[in-house]
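The structure's right below; bear with me while I get my questions together.
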Amino acid sequence: MSYVAVKGGAGAIGAAHQLIAETLYPKDNASDTPVDQIQQQLDQHLRLGIDRIMAEASLYDRDIAAQAFLQAQGDSIEAVFIVRAYRATLSRFLDAEPLKLSDSQPQRHVSAAFKDVPGGQQLGATYDYSHRLLGYFLHLPAPQNAAEPTTKPEDDASETRHSGVMQLLEQEGLIETSTAALTEENRDITQIPPGFPASRAQRLQTLARADEGFLLGMAYSTQRGYGQNHPFIAELRQGSVNVEITPPELGFTICIGQISMTECQMINQFHGDTPEQATFTRGYGLVFGHNERKAIAMALLDRALRAPELGEKVQAPAQDEEFVLSHCDNVEATGFVEHLKLPHHVDFQSEIATLRALRAHPKKGRTEHPDGL
Amino acid sequence: MNILEVENLGKKFVLHLRGGWHLPVLQGVAFTVAAGECVAITGTSGSGKSSLLRTLYGNYRSDSGTARLRTEQGMVDILQSSPQQILALRRHVMAYASQFLRVIPRVSTLEIVAQPLMEQGLDQQMAGERAAAMLSALNLPRHLHPLPPATFSGGEQQRVNLARTFVGQHPLVMLDEPTASLDGDNAAVVQKLIMEAKHSGRAVLAVFHDPAMVRQVADRQYFIPSLSEHSHENPELQ
Amino acid sequence: MDYNFAYLDEQSKRAIRRSLLKAVAIPGHQLPFASREMPLPYGWGTGGIQLTAAIIGKNDVLKVIDQGADDTTNAVSIRQFFARVTGVATTTKTVKASIIQTRHRIPETPLQEGQIMVYQVPMPEPLFKLEPRRTETRILHALGDYSLMYLQLYDHITRYGRVAIGYDFPVMVHDRYLMSPSPIPAFDVPKMHMSPALQIFGAGREKQLYAVPPYSRVVPLAFDDYPFAPLQAQAPCAICGSQHSYKDEIILDDKGTRQYICSDTDYCEQHRC
Amino acid sequence: MLTSSSPAHAPKPTTALGPVLIAQNLYFQFGNQIVLRDVSLEVFPGEVLAIVGESGSGKSTLLNLLYGNLTPSQGIVQAISTTGLQPLSALSQQTLRQLQRSRWGYVCQNPRDALRMTISASGNIIERRMAMGLRHYGTLRQEARHWLEKVEIDPARLDDLPETFSGGMLQRLQIARTLISQPALLYLDEPTSGLDVSVQAALLDLLRKLVSKEQMAVLLVTHDLAVARLLAQRIAVMRHGEIIEAGLADQVLDDPQHPYTQLLVSSVLPA
C-alpha cells in the first residue's frame, strides 16, 4: 500500500467538531434535560469545580463557567481556556473598590496560630474531618438537635467589625506592616504585561489565576526544604463579600453583588538584622470561590517569592520569580505543550537534512582546517 | 657631584607584640656619597648597618631625617617618596643586594638577572644577553643559567644576587656584605665590578665584613654613630 | 455571539498597533504587549492572530499558511476564524494577498511592496536555549552581547564541521539586534534580507512582538571562513519539477520510498505545466 | 660587557602614567553593619596591589565595589574607561559591562563560577574575542591554541570539556579566558587558594610572568602573605573593613608598623 500526504484540512476539521457536538448533545437518544438545566445542575453539584474554573480563568461568572465546563466535557483546563477567550472580548467599565474581606460573612474561619481569634473559629462546610469513604455523606447520622444549625449562629450583625490576627500582631510590632500599593503599571496584568522583576501586586495577580496543581506542587516543595518556609495560618477565611463600585457619575459607592472568596493570611519566619528589627513576615493568598488548597499554596508561594525583597538567597525553584511566574499559567502551558501535535514537517525536514549533511562529512571542521585539528 | 645626601636619619622599631617595646636602631645618621665614589659603612656589630641600607632602599621606614638621591629630575628624598616613586627609583636609580638572595620559585637564574633590564625597557633578547654576560663574568657557568637558583650553594646564590644588582647600571649601588660567602677569586671579581662602577661615574655604598675590602675599594668610610643612652631609655623624646 | 470586527475590541487592537509601530522603529527588538487570550490555544499562532487582527481592514486579502501550505489543518482553522470574525476575502495566492500569516515558511514567490508578512512565533527569544532567563537575555540584547550565540556556532563547527542549525537560524537585524526568524528553515532566511514587504512577528504566549521593516538588513550569523550555507533537498519536486523550492519529504510506502514535493502549495500549483 | 660605560638606560616614564583606578573614601553598609569604612586606594599601570586580610575583613566586598558589582554607600570609585577617568556610578550598565568584559578581567577563586562548563576549553578561551567582534573561526582556533600554550595546558586538550580538567588546569583556563582580551586592569580574587601547594607555586609564577609582560594593573585579594610577597609591588592590609596599613610590599612585610600587621606577618610560617 502507499500513503497519501494528508491535505484538505478543512473537511477534516469540520468532521472532528461534529464528533464532539454529537457527544455533547446526542441527537438520537436525546436526553430530556435542556442544556441550561444541565448547566444549573453542574453549578449546584460541582460547585468547587466551577469555583476552580472561575479562579483560573479570572472571571467570576458561574453561568459562563458552567457553560464552558459542559462544553469542555469536564476538562477543567479546556473550560478555563474557553472562559479566558470570552473574557478577552469583555470591556472594562470600572475598577471595583477594594474588597472588604474582614467585613465579610465567613462561612469558614480558621486560625492555626491561635486557639481562638477575633470572630471565632468557624468550621463551616469542610471535608477536612470527614472520612474519605464512598457514600460517607449519604449515611450521616441525623443531627442530635435538629433545631440547632450545624454552623455557628451568626453573631449580632451590628457588632463592630473584628480586627484580624494580622492587625493584632502588627499592633504589637511582631509582624511587618503590609505593603503592596497598586499603581497604574501593575493594576491589571491582563492589560499591561508584567516584566521581571515583577511587583508583588503583579505576582499575586498571576498566582491568583495560576494552575492550582502547579501552585500546590511548588508550595509543597517549600515545605520540604526547597526554599525556607515556616508557615502558620493566621487566618483562613472563606465567605461571600460585597463587590462595590463608585461610578463617577454617581460619586458614591454602590454594591453590585456578592462573590465567594477564599483568603489565606500566612505568618512566616522572622526576618531582620537585630532583635529589635526581627518580625514575622507575611504570605498572602486570595482566590475566587471556595478553594482553601489554592489559597494556602498561594500564600506559601507569595512568601517564597519575596526572598529577594527580604534579603534571602534565591536557591529553590519556588523562590525563583521568573521560573514560577513564567510557568504557572495552565492555558499558556497547555497550549505550548500540546502544540507539538501541530505539523512540524518543515522544521523537521531541515533537521533531517542537517543531520544527513553532518553524517555525510564527519568532522570536516577538525580535519580540514588549516590549523590541522 | 653628590649622588646621595643623608641627613639626621633616624629609625626605630616599635614591637607591638612585645607590649609596644621601642627599639631604636639608627639616630642622627648623616653622610654623602658622590659620583664615582665608594663609601663603606662601618660600625660595631648591631649598630644598624644593614638597617641603614634597607631604609635607604625603602625596605624599612624611617622616623626622621632626609635621604636625597640624585635623579634626572633632580634630588629626590627617598624617605618622603611614595611607593610608586620608590619603585621607579629602584628601577632606574638605585640597586641593592641583600646578604641573601630571596628566590622566586621556578624562575630561572637568567630570568632573575635579566628582570631589572627588562623593567628598564630592554627587550627580552638584549636583556638575556647582558644578563648572561654578567653571570659569566661572575663565574656562573652557562649550564646553570636556565636553572632556578634555589638549589645553588650559598656562594652561587650570592653571585646571582650581585649580578642582578650590577646588571642594571644604576647610578647608586648598595651592597650588604657582598663577599661574605664568596671565595677569594670571586671576591676579586666583585672588587673589579665595584671599581668599574666607580669608573663609570656611579656611586657605591657598601657594608663589608672584610676590612681588606674596605681598604681596596672604599674612598671613604662612614662610621654609624652609636645610639645615646638617653634615647634608649626614652625613645619618645627623639 | 456577536464579536467585534477581527474579534478583539478596538482598544486592544490599538494597543497592539502602537507596540507594532514601536517595533518597526526598532528593527529586531522584542517588545512586550498585552497578549489577550484568543479562542485558539497558545502555541498555535495566537501571536500571529493578534497581530493580524490588529492590522487587518475590510479591504485586505488574507492568506494563511502553515508549513508552506494553505490547506493544513491549523492554516484552515485560522483562515476560517478570520473569515468568520472579519468577513474579509481570503486567498491562497501569494501575489494576491495583502496580509500573509505564516507558520514556519516564507512563500517561494517573492514578496512585494505593500504586503505584510505576519509570522507566528513560538519562542521569540533567540538565546533561550542558551540562557533561559529573560531578565538575563534582555541585558544581553541591551548590551549587544551575542557571544553566547557565536559560542554555539563555534562549538558546532568544532564538533560537527559546520553550523548544525536547520531552522530558526539566528539572524542579526540592522547590525544591532539578534533575532529569531521564527522556526522557518534556514533555506528561507535569505528571503528576509532587504525584503520589500513589512515583516511582523507575534508571540502570544510569550507576550512579545517584533518587526523587520521593508528593505532591512537581515543577516544570518556566520564566521568569515564558515559562511551561512543552508541545506535543501537535492531532488526536484515530484509534482511541478521545481529545483529551487523547499521540499517536504514524503514517505510513500512501507519500504521507505521517498518523494520530494514543494512545501509551498501555491508555488507548486503555479509551476505545474 | 663589564666595562660597559654606556649611560644608564633612559628611564621610561612609567611613573608619569596616572592611576587606572581610584577609590576615595569608600563606605559600604549592609543593614546596620558597616562592612567598609573610609577606604581609599589607587592602582597604577604595571603594578600589582595586593589587598590582604583575614576572611571577614571586607576585602572581597572591596573588590566587588572596585569592580562595579556593588555600589558604595558613600565615596567614589573612578576608573579609566574609553572616555578617560570616570566615576563608575556615572557609567551606564552597558558601558560598565563593556569595560568589565574587555578592558578589565576578573579571575575568581573558584574557576567553575566563571567558566562555561558545558562549552569546550577553546570556546571558553575565545569567548571574549568573539564578544570583541572577531569572526574568523580559524583565527579563533589559533588564538585559543596560543593561549592554551601560554597557560601551559597541552593544546591537545583544546576541545575537551572543562569538566575533565584538574583544579589547577581549570584555574589556568580561567586565566587564559580572562587575559585573552589583554585587560588593562585585572582583578584576582584569591586565585590560588583552592589549589595544592605545588600547583599554587606554578600558577603564581605563571601569573607573575603574564602580568609583568602585559603591563597590567592588578588588584589581588588574598589572605596569603606569601602570595602577596611574590606577586605584589604594594600591599594594603585590611582589618574590620578598614585599610590599616599600606605601602611597598617588601616594606609592609619586612617592617610592618601596625600591631595587626606585625601579628599577621609574625604568624606566617617560614617558607
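Per-chain residue numbering starts at 1, and chain names A, B, C and D are given in the order in which the chains are listed.
Note that contacts are C-beta pairs under 8 Å (C-beta built on N, C-alpha and C of every residue); 3 or more make two chains touch, one makes a residue touch a chain.
Each chain and its UniProt protein: A = Carbon-phosphorus lyase complex subunit PhnI; B = Phosphonate C-P lyase system protein PhnL; C = Alpha-D-ribose 1-methylphosphonate 5-phosphate C-P lyase; D = Phosphonate C-P lyase system protein PhnK.
This is a predicted model, so every value here is computed, not measured.
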Study note, to complete from the structure: Co-neighbours of chain A and chain D resolve to C
Revision key, fill the gap. The chain pair with the larger count of contacting C-beta pairs, comparing B-D against C-D, is B-D
**Study point:** Far-end chain from chain D, centres as C-alpha averages
**Key:** A
**Study point:** Distance from chain C to chain A - Cα centre to Cα centre, in angstrom
**Key:** 33
Check your understanding: Between chain B and chain C, what is the separation of their C-alpha centroids in Å?
Key -> 76
**Study point:** Centre-of-Cα separation between chain D and chain C, whole angstrom
**Key:** 47
Check your understanding: Could you say which residues in chain B touch two or more other chains, in rising order?
Key -> none
Review point. Can you list the chain A residues in contact with two or more other chains?
Key: 365-366
Exercise for review: Please set out, as single numbers or ranges, the residues of chain C touching at least two other chains.
Suggested key: 157-159, 226
Check your understanding: Considering the complex alone, what residue numbers of chain C touch chain D?
Key -> 139, 142-143, 145, 147, 150-151, 154-155, 157-159, 222-226
Revision key, fill the gap. Residue positions on chain A within touch of chain C in the complex are 1-3, 5, 7-10, 12-13, 81-82, 84-85, 87-89, 91, 190-193, 195-197, 322, 326, 331-332, 334-339, 342-347, 349-355, 357-358, 361-368
Check your understanding: Which chain D residues qualify as touching chain B in the complex?
Key -> 1-12, 14-15, 44, 47, 201-202, 204-205, 208, 212, 230, 233-234, 247-248, 250-251, 254-255, 257-259, 262-263, 266
Point to revise | chain D residues within the chain C interface of the complex | key: 93-94, 97-98, 101, 116, 119-120, 122-123, 126-128, 130-131, 135-138, 140, 159
Point to revise | Interface residues, chain B side, partner chain D - complex | key: 13-17, 54, 58-61, 72, 83-88, 91-92, 104-107, 117-118, 120-122, 130, 133-134, 137, 168-171, 192-193, 196, 199-200
